[in-house]
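Structures are listed in the sections that come next.
Shared chain: chain A. Partners: chain B in the first complex, chain C in the second.
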Partner chain A sequence: MSKESVAVVGIGQTKHVAARRDVSIAGLVREAARCALDDAELTWADIEAVVIGKAPDFFEGVMMPELYLADALGAVGKPLLRVHTAGSVGGSTALVAANLVASRVHGTVLTLAFEKQSESNAMWGLSLPIPFQQPLLAGAGGFFAPHVRAYMRRSGAPDTVGSLVAYKDRRNALKNPCAHLHEHDITLEKVQASPMLWDPIRYSETCPSSDGACAMVLTDRAGAARAPRPPAWMLGGAMRSEPTLFAGKDFVSPQAGKDCAADVYRQAGIADPRRDIDAVEMYVPFSWYEPMWLENLGFADEGEGWKLTEAGVTELDGDLPVNMSGGVLSANPIGASGMIRFAEAALQVRGQAGEHQVEGVRRVLGHAYGGGSQFFSMWLVGAQLPDS
Partner chain B sequence: MPEVLKAPLVVEFPFTRSVGPVQSAFLTGLRERVVLGVRTRDGRTLVPPVEYDPVTAEEIRDLVEVAPTGAVTTWAWNHEPRRGQPLDTPFAWVLVRLDGADTALLHALDAPGPDAVRTGMRVRVRWAGERHGSITDIACFEPYDDAADHTAVDEPTAHDGQFENTIDGIVAPARLDYTYSPGRAQTAYIEALSERRTVGERCPSCRKVYVPPRGACPTCGVATYEQVEVGPRGTVTTYCIVNIKAKNLDIEVPYVYAHIALDGADLALHGRIAGIPYDQVRMGLRVEPVWTKGARHPDHYRPTGEPDAEYDTYKELL
Partner chain C sequence: MTREIAVVAFAQTDHRRTSEELSEVEMLMPVLHDVLDQTGLKTADIGFTCSGSSDYLAGRAFSFTLALDGVGAWPPISESHVEMDGAWALYEAWTKLLTGDADTALVYSYGKSSPGSVRDVLTRQLDPYYVAPLWPDSIALAALQAQALIDEGATDEPALAAVATRNRAAAATNSHAQLRGSVPQGEYAVRPLRIGDCPPVGDGAAAVILAAGERARELCARPAWIRGIDHRIEAHGLGVRDLTDSPSARLAAEKAGAFDRPVDTAELHAPFTPQEVVLRRALRLDDSVRVNPSGGALAANPMMAAGLIRIGEAAAGIHRSESDRALAHATSGPCLQQNLIAVLEGDPR
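And now, the complex of A and B:
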């Protein structure tokens, strides 16, 4: 039996902010779920299963939060699953939900991812003092900055490229009401003048810490036929993993990322991603990851990604817009960030992205990664039903 | 085989938690010696209250006050109270359905022994002397002989949930106690370090040398036993300059955090570079460890003075 086609018919996000002290975690996820149901014009009773994701439990100190979110998400009497793949979790969560529809286990599934970073301590959760081990000498930025330097050496990219990405994403965020950072007075000079934290990464080239949630309603062809607004169709989706550290690991362009993209393109019949894909929402927590992922995802040859960024190709009005929403650089509720990429890709092909809509996009890639560049999840969504 | 190392590892952190409007009213009410529940649309009264109806998923905001008395619906005797539990003498964990409520609240019952506890027994709240807006504002429950004054039915009464100085958040400490063991391979590595030697393990299948060793090759999935001494010299494969001071590290910024491939190792480990101005560190720099007395790990690495390694010799280790 062939797979069922999967459609996104409802999308909801909270306004991402530094701290949502007015709501509990239940209240936060409820907001996003409610928006997604309203978008799909469905009720809780229409949902057959709920799949949720967030970053590791110790980020917020709530063990298995799914246990107490069942009533907030209308999941009583239904399957409620949690997915757990570090920073890529928002993407993998959406894919697990999509697979439930594709396999005809369920007709309509609610998927949601969230993080309340203001009530968490991600840095601490990631660097517990393990006996006998040398303490870590740097935070998350210090983990990724040496890989950025390796990319610069390998590609010959000028050191100005990172600031261009940050300047672009923060301007895109001004058109996205859900983005956390709205820096109305942003200039390229301000990005370039921001303090160097983990050289070569500047303060303005790093993501913020946000509270937020994102939800989607996924359904089959019958559900899509009843949807009040145009659906986004899943054309391909894949996940790949590899160890954090191993001899021969390529941190600049991990094999798992290449394999994951290749699988998605094969499913979707994409021969040349640069030609066949119109825009990308990619997981860029540090600005230099835009050119790095452009290469890893096959949009540019090795060593050439930065040239696309430098030439303005990835701008909102460029030939291959990247992070129209402002990206992770403009809102980072960690557990939700991957799903936001997937949802923003779907918003674009549905023509529902508002002020940051790119006209005429037919196929958009959503991308997430996590851990030590070791978990990858991606989907390609399109405006048209596959094979039609 | 030498004994495998072990050490205690305590993970503890005070997490903050925003409680939302319903729990805010509930916790603030406890501070004022008022027990609040919520009323669902079909007329059930839920205590403790929830934000969303467990049956219909509807948002619930109708607060009601219930009595501080009720009946035990089930219980379990706790012989040995642990740190942080409500009472420090043996007590019963009880589910109490307060008069007027349709659901039960988990708390502690102060009773002389398990023989004094039974399902259906009447209990009442014993308020804590000092109350701050927390479930521990109920110190515990206590047996309550109310044959004389108990009215048959206590109807919950509507409450507006309005209090002064509401509780909007709580601090929820989390603590985990582990006994940590680094395992056989890392124990051997750590013990060699005490002799200032760096010993990795070679995979019998792909022949790659892992430092520190994990006892298994992550790509081949086979156990590793062959010990290989590497270093002490190595090459900086890549690095960053850290300009922000880490909370628990006594290192002056800026400093260089580098990936160092020790000679003979097939992946880089991480270390600090010193003995050279931070802005003169470069990829390919040849370095050696600098030890301080009694330290388990090299304090930092310093330049050896050798010519830099060619990019091609370490590009696979990036």
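And now, the complex of A and C:
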């Protein structure tokens, strides 16, 4: 028995900001869910199950908040699943929801991911000291900066590449009304002059801390046939994990990321991602991760990813646009960031991305990662059903 | 037609009041080895891995990443995690196997309650604006449920004590259980609940292997086929719920096909005695059904694992040919807010 095809027929996001003091956690998720339902022209009654994801519960100080959110998510009397796979969780959550449709357990499901980081301090929430364990240093930047330095040394990339990524993503964000950062006066010089946080990562090359939620309505072929707007079809999806630390781990280009991408490409019949995939929404919390992931995902040979960035290939009008939405560098409600990548990929193939729409894209990759570069989730979406 | 999926192996720790000398990984590893050894599988043979745990119990963010070391996720594995009891990790794995993307799945969950006061920790699960600031603890909320049942005439204190006695007597033959045999009811914890009406606080882990179709028959002499599995949630506000009933458990049981034919065994995740009263009524379990031959959550209640253990115990009964059709139940949230039901069957003997 083959799998049921999965379509994205509704997408909703909040306007991501530093602090949504005007809404409760329930209000925040409700807003995104309502947007997605409106986009699909469906009501709460059409939703059979809800799959929610978020990063550590310490960020809001609520243990397993989905219990409290059952009412706001319209989940009372329905199945409600809560996923947590670190930073990749937004992507993983969408894939768990997609499996409910693919396995024919449900016809139409709502999936949602959120973070309300203003409720706490995310950096220190990630830095809780545990006896007898290696401390994670101060926040995620302290963990990832050495791996960026390793990439620079290994590839010989010039120091400026990171700032090019940040300058591009922050300009893309100006075309995305949902992005957190709208820096209208940004210049490359300002990025390069911003304070050094974790050498070589500067302040402007770092993701913000955001409040936000993202929701999608996923459905089967019958549901897609009733949809008012063009669906995005899931052509492939996969998750891969590896341990945080082990002898021989390649932090620059983790094997789990390569394996995850290979699985997605196999499902979707992608022989050459550089040729067959039109655009990418990838999880770039620190600027240098764009060239690093370009290599890990097979868009460039090892050591060559920075050349694509430097040549402008990943610009909005480039040959392989990356993070058309402004990416994680322009909005980072952590638990939602992966789902935003997945949703932005779907928006592109649906032709619904507004000002940051790339014309004529047929296949777009959504990518998320988390933990110590160890959890990966990805999906490839297309404008057409796989076998049509 | 749907793919047939079965529980083919189950393992658990000896649940204890404290395991302070062990990290979560050290607690989990013997269980993973045990469940893999039962099938002869290695980590690399497993198609999908899914776990359930809680950062709030561990006291650190991303606590499940360390457990992955115990799994030995190298080469990289297809893996996911729910911040829920392992029963829901099993549910996710079941959907994965249904898609045909994998033929086998390893499901595990674990929880250490010993480092903190779980009674207080669980208050952080409540509505953060209107309820959690009042710190109503888990025993107090269960006592509200007990009082509602008593007021309705559905039970009384001696009947609740009998539930506790029967479960712990059953646990006498369960070497993994924490409270076994004759346990005094003791003083009131929160009226009308006595200490004996409450679950033991302890640490533990459990693991299950799922397999599809012929693969299940290769790995297990008598697989416990999952005939149906479903889960439902209720409103969070206790004030809008009827605490004497469990419509979510009943609906999940209906969807899982539990009422199609009688079951011979039921493993109920009822940490407090009044919850067994609620569930027996909602699930229409009469005296012909063996309830909690393992001793249930009143005998061992490792957070995040106790629900998965119910499925594992029900499946193990089928593996041992002591049961032919069993119902397994898992719960989450205050006063049975969220409930999962699985119906397991063995091939005809």
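Please note the rule applied: the second predicted complex is superposed on the first by the 381 of 388 C-alpha atoms of A that agree within 3 Å, B and C clash if a C-alpha of one lies under 4 Å from a C-alpha of the other, contacts with A are read in each partner's own complex, and residues count from 1 in each chain.
Definition applied: a residue touches a chain if its C-beta (ideal position, glycine included) is under 8 Å from a C-beta of that chain, and two chains touch if they have at least 3 such contacts.
Everything numeric in this text was worked out from a predicted model, so none of it was measured.
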| item | value |
| --- | --- |
| Chain B versus chain C as contact partner of A:I186, first or second or both or neither | neither |
| Partner chain(s) touched by A:P146 [first = chain B, second = chain C, both, neither] | first |
| Which of chain B and chain C A:S92 touches, first, second, both or neither | second |
| Touched partner set for A:L100, first chain B, second chain C, both or neither | second |
| First, second, both or neither for A:E60, with chain B first and chain C second | both |
| Which superposed partner A:N121 touches (first chain B, second chain C, both, neither) | first |
| Touching partner for A:L42 - first (chain B), second (chain C), both, neither | neither |
| Partner chain in contact with A:L80 - chain B first, chain C second, else both or neither | second |
| Chain B versus chain C as contact partner of A:A256, first or second or both or neither | second |
| Where chain A meets both chain C and chain B, residue numbers | 24, 58, 60-62, 70-71, 76, 128, 130, 133, 243, 246 |
| Complex interface listing, chain A residues touching chain C | 1-3, 24-25, 55-58, 60-71, 75-86, 92, 95-96, 99-100, 102-105, 125-126, 128, 130, 133, 238-244, 246, 254-256, 259-260, 263, 371-372, 374-375 |
| List of chain B residues in touch with chain A within their complex | 5, 7-9, 11, 13, 15-21, 23, 50-57, 59, 168-169, 172, 174, 180, 182, 186, 190, 203, 206, 208-210, 217-219, 237-244, 246, 248-249, 251, 254-255, 257-259, 266-267, 270-272, 283, 296-297, 311, 315-316, 318 |
| Residue numbers on chain A that touch chain B, as the complex places them | 20-24, 26-27, 30, 44, 58, 60-62, 70-74, 76, 116, 118-121, 124, 128-139, 141-142, 145-150, 153-154, 195-201, 243, 245-252 |
| Touch list for chain C against partner chain A, complex | 1-3, 49, 54-56, 59-62, 64-66, 68-69, 72-84, 88, 91-92, 95-96, 98-101, 121-122, 124-129, 132, 230-237, 247-248, 251, 332-334, 337-338 |
